[in-house]
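The two complexes that follow have chain A in common; it is paired with chain B in the first and with chain C in the second.
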Partner chain A sequence: MILNYIGNFALFFCLILSSIIFFTSILVLNNKNSFFKRNLNELLFFKFFFTLLSFFSLVILFINSEFSNETVLNNSHISKPLFYKISGTWGNHEGSLLLWLLILTFCAFFYFLKSKNRPSDERLLTIIFQELIIMGFLFFLLKASNPFNIIFPVPDEGMGLNPILQDPLLAIHPPILYLGYVSTSIVFSSSLAALMKGNINNLWAKDIKSWVYISWTFLTLGILLGSIWAYYELGWGGFWFWDPVENISLMPWLSLTALVHCILVLEKRSILHSWTVILSIITFTLGICGTFLVRSGILNSIHTFANDPERGLYILFFLFFLIFLSILIFFIYEDKFETNNKNLNFYSKDFSIILNNWFVMYFLSVILIGTIYPIFLEVLSNEKISVGPPFFNKLIIPFLIPFLIFMSIGPNLKWIKNNKLSNKLNLIFLFILSIVIAIFVFKFYSNVTLNITILLAVSFYLFFITIKDFAKRNYKNYSQMISHFGFSLLVLSILLNSIFSNEVTSNMRVGDEIKFFDKSIKLQRLENTKEANFLKLIAHFKIEDKDKIELLLKPEIRIYDKPETITSEAAIKTDIFRDRFLVVNLVKENDYLNVRYQEKPFMIWIWISAILISLGGIINILKKNEK
Partner chain B sequence: MYNKKVKLRALFLFLSILSAILIIFLVLKSLEENVVYFLSPTDIKNLNEATAEKIRVGGMVKDQSIKINSDKINFIITDFKNEINVVYSGIIPNLFQENKGVVAEGVLKDKSFFEAEKILAKHDENYMPPEVKASLGEN
Partner chain C sequence: MKNKYLKIFIIIFFVFSFFIFYYGLKQKHLYTTENSGIQKFPNLILHDFFTNKKTSFEDILIDSNYYLVNIWSSWCLPCRDEHIYLKEIKKSSSVKIIGINYKDKKNNAVKFLDEFGNPYAYILNDKDGTASIEIGAYGVPESFILNKQKEIVKKIIGPIDQKKFKKVLKIIKNEN
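Entry: the complex of A and B
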């Protein structure tokens, strides 16, 4: 009970500290040597500490199942395992916002600690913008979604956490994803601050780069975790559905990807100043935009914890405020950029990065349109539509082809100007090799379209070229090489996976047998067991191929009572060549089980390649810290 | 005359505007081709003729309407005013139950018969398609 008050007061204290920092910072902005400036670090730490206190109060409330707290009551349950009691803290709207705030305050503190080499007025301005964001979220938290609302009289039992959220991957997915989202706020604040002080230059790029890498790496990992979870938990056997909720996490990732590249150009060549600032603004606003769409209940998904229009309206207002503020600052201070007329050579690394940015922005706009068009149409004409995978596939796949070609050649070019491409012969040889492989696939598998064949050829090309680059032993660019290699592997495994995947669905009773190519799938028996907070129905399947090699798969159906929900646990047998994926569902109270068996080649390589992509980012972060 | 640099810039500007227009055209065109309309059983009843396009039908699964055999599932989607028969073969989501909300994607065979290709998962046991909620509120 007391923890409710501690958590609540800690938040209020945070708001007071935050406003003190905000207003005093504005006052002392031009004061060279104020007492406040020297002690800002401690103040920021205190603020972080109080948010942490508030956060831990909520965690302990969850652990102790204190149902006097409304958030705990709505999202927890006594018989839930301890691990999920803890992860339940951020498995709901209020708690996840508190986590968001915790990371925001930590970022502000950590930025100030690590930015001592920046001009002091720029640091202070960054903190001012950061405090503005923090105050916005604090107001929102305290007013519209307070996690410490007290219920009286105290109920005996909570409502429980949605069982499909009771999963180890989903317990760490939000913190990782939030680290990615929230650390873009530092890039946003810092770019606005540097813009106002006329400090957008190669030195700024060099310093802010690590924040860009941090956000990008965590966002990549966060999306990956969500994707793996969807793969085994939702029972569709896919990893990406072009669902609006996935799209809104992909959009900031794309603009961050553009930023990761363009900040290099700014650092090395001192061009693209305004573009870098625009990208920083876009990235952060897309992140907030995602929060708005998800939390307002406009999109219906697992992330929509509560459909509360008031909350949506608040975030929308806050979003527009931030966008207007940043656009205003951008146009007022735009002339402060160092103008230089450096020539851009078409045959250079700089230009290939600009090309990359154009393509990425195109992909971003396609996804943006596909995601928000249905919402607009519904508001304007009350017509309900959805935009499915065909739209995205059609508009993205053809443009991936030139994108991958530029991605293969770009990193091999030099900065500024390239006179001749070294080892041209090698590049041509690899190109022919990739085309031959793609034609081979095209010839033998009739369901491959021409479009896909070309895409396959260029992704093989990128794959070979990145492998060849490793052989050069150029340790300076290791992070870039690993990420690019990971990306080529990702495209390749997604392609091969979609070409060679096969499946069969059927409704089966115990003893039934179905055929799948040269294999037979037999439902042998059912088994019931009882676990701590759910009943388990295990289906025993035997899969036998023509060489009489047997594989036993045991998918489960779990019946939870709080809240009353049924979930399916797929049985997945993974090896380096393929995943064998079997999922069953109950249909009514019936002897029939709804069964789906899939063979998905190279599934594990999709995960591995995404890990490789983010590994490049991790290496970069570590490299920066070493210096 | 203008120097080479200005000409190059003009060309560049022209090309970027041209490609922007082309891309907008392409995006809008594929949007038009690939959107899937969401209809309730009442909307379907009010159609003049069954469309051949892919649509989504949302409503509640009617009580006692799920029938299953080894290769397909039959059920009825209702919005408590009108209903439509659905046939489906494939995997169903966990929350597919009688008296719960459902969204099916597929093609209309005629105005009272729908062949579903996909049953969409809703991850909330209390989920109800907005139309159904609205029509329940009216009643």
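Entry: the complex of A and C
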């Protein structure tokens, strides 16, 4: 009970501290009051500390199952395992916002600690912008989604956590994803501050680079975790569905990916100043825009969770306040950008990075339009549509082809100017090799269209070239090579996966058997067991191929009582060549089970390649710290 | 000068988006399935199994009081058990059986029909399984009974067995 008050007051205290920091920073900025300047560090630390206090209060409330707290009541119950009691803290709207705030205050504190080599007025301005964001979220938390609402009389039992969220992966997915999103706020604030002070130059790029890499790495990992979870928990048998919420998480990642490359150009060549700032603004506002779209219930997607118009309205105002603020600052201070008309050479690394940026921005706009166009259409004409995979595939796949070619050649070029392409023969040989392989696939597999064949050829090309780069043993660029290699592997495994995937769906009863190519799938028996907080129905399947090699798969149906939900746990057999995926669903008022069996080649390589991509980012961060 | 117009355009664009989102929020998002008990069978256009000609359901679903749309496949073993009942149902004059061949190879399907007989008035091809999804089927085997107005009267999930067979007959005969 007492923890409710502690948590609540800690948040209020935070708000007070935040406004103190905000106003004193403005004061210091104007007349250089040195007293506060020295203490700013401590103030920032205290603010972080109080958010931490508030956060831990909520965690303990969850652990003790204190149902006097409304959030705990709605999202937990006594018989839930301890691990999920803790992870349930951020498995709901209020708690996840508190986690968001915690990371936000930590970032502000950490930035101030680590940015001593920047001009002090730029640091102060960054903190001012950061405090604006923090205060925005604090108001939102206290007013529209307070995690410490007290309920009286105290109920005996809670409503329970949505069972599909009771998963170890989903326990770490939000913190990692948030680390990625929130650290983009530092990039955002710092770029606005540096813009106002006219400090956007190669030195700024060098300093802010590590924040860009940190957020990019965490965002990549966060999206990966969510994707793996969707694969085995939702039982759709895929990893990406172009669902609005997935698109929303991908958009900031794309603009951040553009920024990761663009900031390098700014550092090395002192060009693209304004573009870097625009990308920083876009990345962060897209993150907030995502929060708005997901939390307001404006979108219809499988995983929109809080449907409260008041909350939506608040985030909407906050989002557009940030957008207009940044536009205003950008327009006013635009002439502070260094202007230099350096010539760009077509055969240079700089130019290929700019090309990369154009392509990424194109992909981003396709996804943005596909995601918010239905909202615009519904408001303007009351027509309801949903934009699905065909739209994205049609508009993205053809442009991936040149994108991958530039990605293969770009890193092999030098900065500024390349007079002679070294190893020209090598590049051409590998290109021919990839085309031959793709034609081979095209010939022997009738399902493949020409578009896909070309895409396959260029992704093989990128794959070979990155392998060749590894052979060169250029240790300086290891992180880039690993990430690019991971990306080529990702495209390749997604392609092969979609070409060679097979599936069968059927309604089956115990004893039934179906044929799938040269295999037979038999439902042998059903088994009922009772677990701590759910009933389990295990279906025993035997899959036999023509060599009489047997494989037993045991997909489950779980029936939770708090809240009453039925979930399907897919049975997945993974090896390095393919995943065998079997999921069963209950058919209403019937003794039949709906069975879906899929063979998905190279599934594991999709995850491995995404891990490699983020590994590149991690290596880069570690490398920077060593220096 | 050009820059100025761009700035104005950007600001107008964001103001516009703000209002769109604002009104989007005000709209109700409670979707109810538009299902008032009666469900019309969707009019799909598929390829005929034998002639490969484009055929629409509208052209097939004529002159009968009832229609039984059956989704089947040669690789589906329960479909074999079901086949006997389909042939029985075929004897009734008030029903026309239409087959949808689901994700099948033509050779295997033809062999299946040769072996077990063909109760279908028409067979349409659903090679990639999308038509079955549009109809609202879970998988194979599955059957829909439609009345004269092409409304779904009953949906049978899984094969038609002795019990379900009686139910089907009851529907066809009673309401005649």
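Here is the rule we go by: the second predicted complex is superposed on the first by the 618 of 627 C-alpha atoms of A that agree within 3 Å, B and C clash if a C-alpha of one lies under 4 Å from a C-alpha of the other, contacts with A are read in each partner's own complex, and residues count from 1 in each chain.
Basically, contacts are C-beta pairs under 8 Å (C-beta built on N, C-alpha and C of every residue); 3 or more make two chains touch, one makes a residue touch a chain.
Every value quoted in this text rests on a predicted model; they were computed, and no experiment measured them.
In the three-chain model built by superposing on chain A, chain B clashes with chain C.
By the document's definition of touching, of the two partners only chain C reaches A:331; chain B does not. Of the two partner chains placed by the overlay, neither chain B nor chain C lies in contact with A:12. When the two complexes are overlaid on their common chain A, residue A:323 makes contact with chain C while staying clear of chain B. In the superposition on chain A, A:564 contacts chain B only, with no contact to chain C.
In the superposition on chain A, contact is made by A:507 with both chain B and chain C. In the superposition on chain A, contact is made by A:376 with chain C only, not with chain B.
In the overlay built on the shared chain, the residue A:592 is in contact with chain B and with chain C. Of the two partner chains, chain B is the only one that A:162 touches; chain C does not reach it.
Overlap of the chain B and chain C interfaces on chain A: residues 300, 505-509, 512, 585, 587, 590, 592, 594, 596.
Here chain B touches chain A in the complex through residues 23, 26-27, 30-31, 33-39, 56, 66, 68-73, 89-98, 121-125, 127, 131, going by the rule given at the top.
Residues 7, 10-11, 14, 18, 20-27, 29, 31, 75-78, 103, 129, 138-142, 157-159 of chain C are the ones that touch chain A when the two sit in their complex. Interface residues of chain A facing chain C in the complex, by the touch rule stated above, are 292, 296-298, 300, 307, 309, 312-313, 316, 320, 323-324, 327, 331, 375-376, 378-380, 504-509, 512-516, 585, 587, 590-592, 594-596. For chain A in complex with chain B, the residues that touch the partner chain are 162, 164, 234-236, 300-302, 304, 362, 365-366, 369-370, 373-374, 383-388, 390-391, 394-395, 505-509, 512, 563-568, 583, 585-588, 590, 592, 594, 596.
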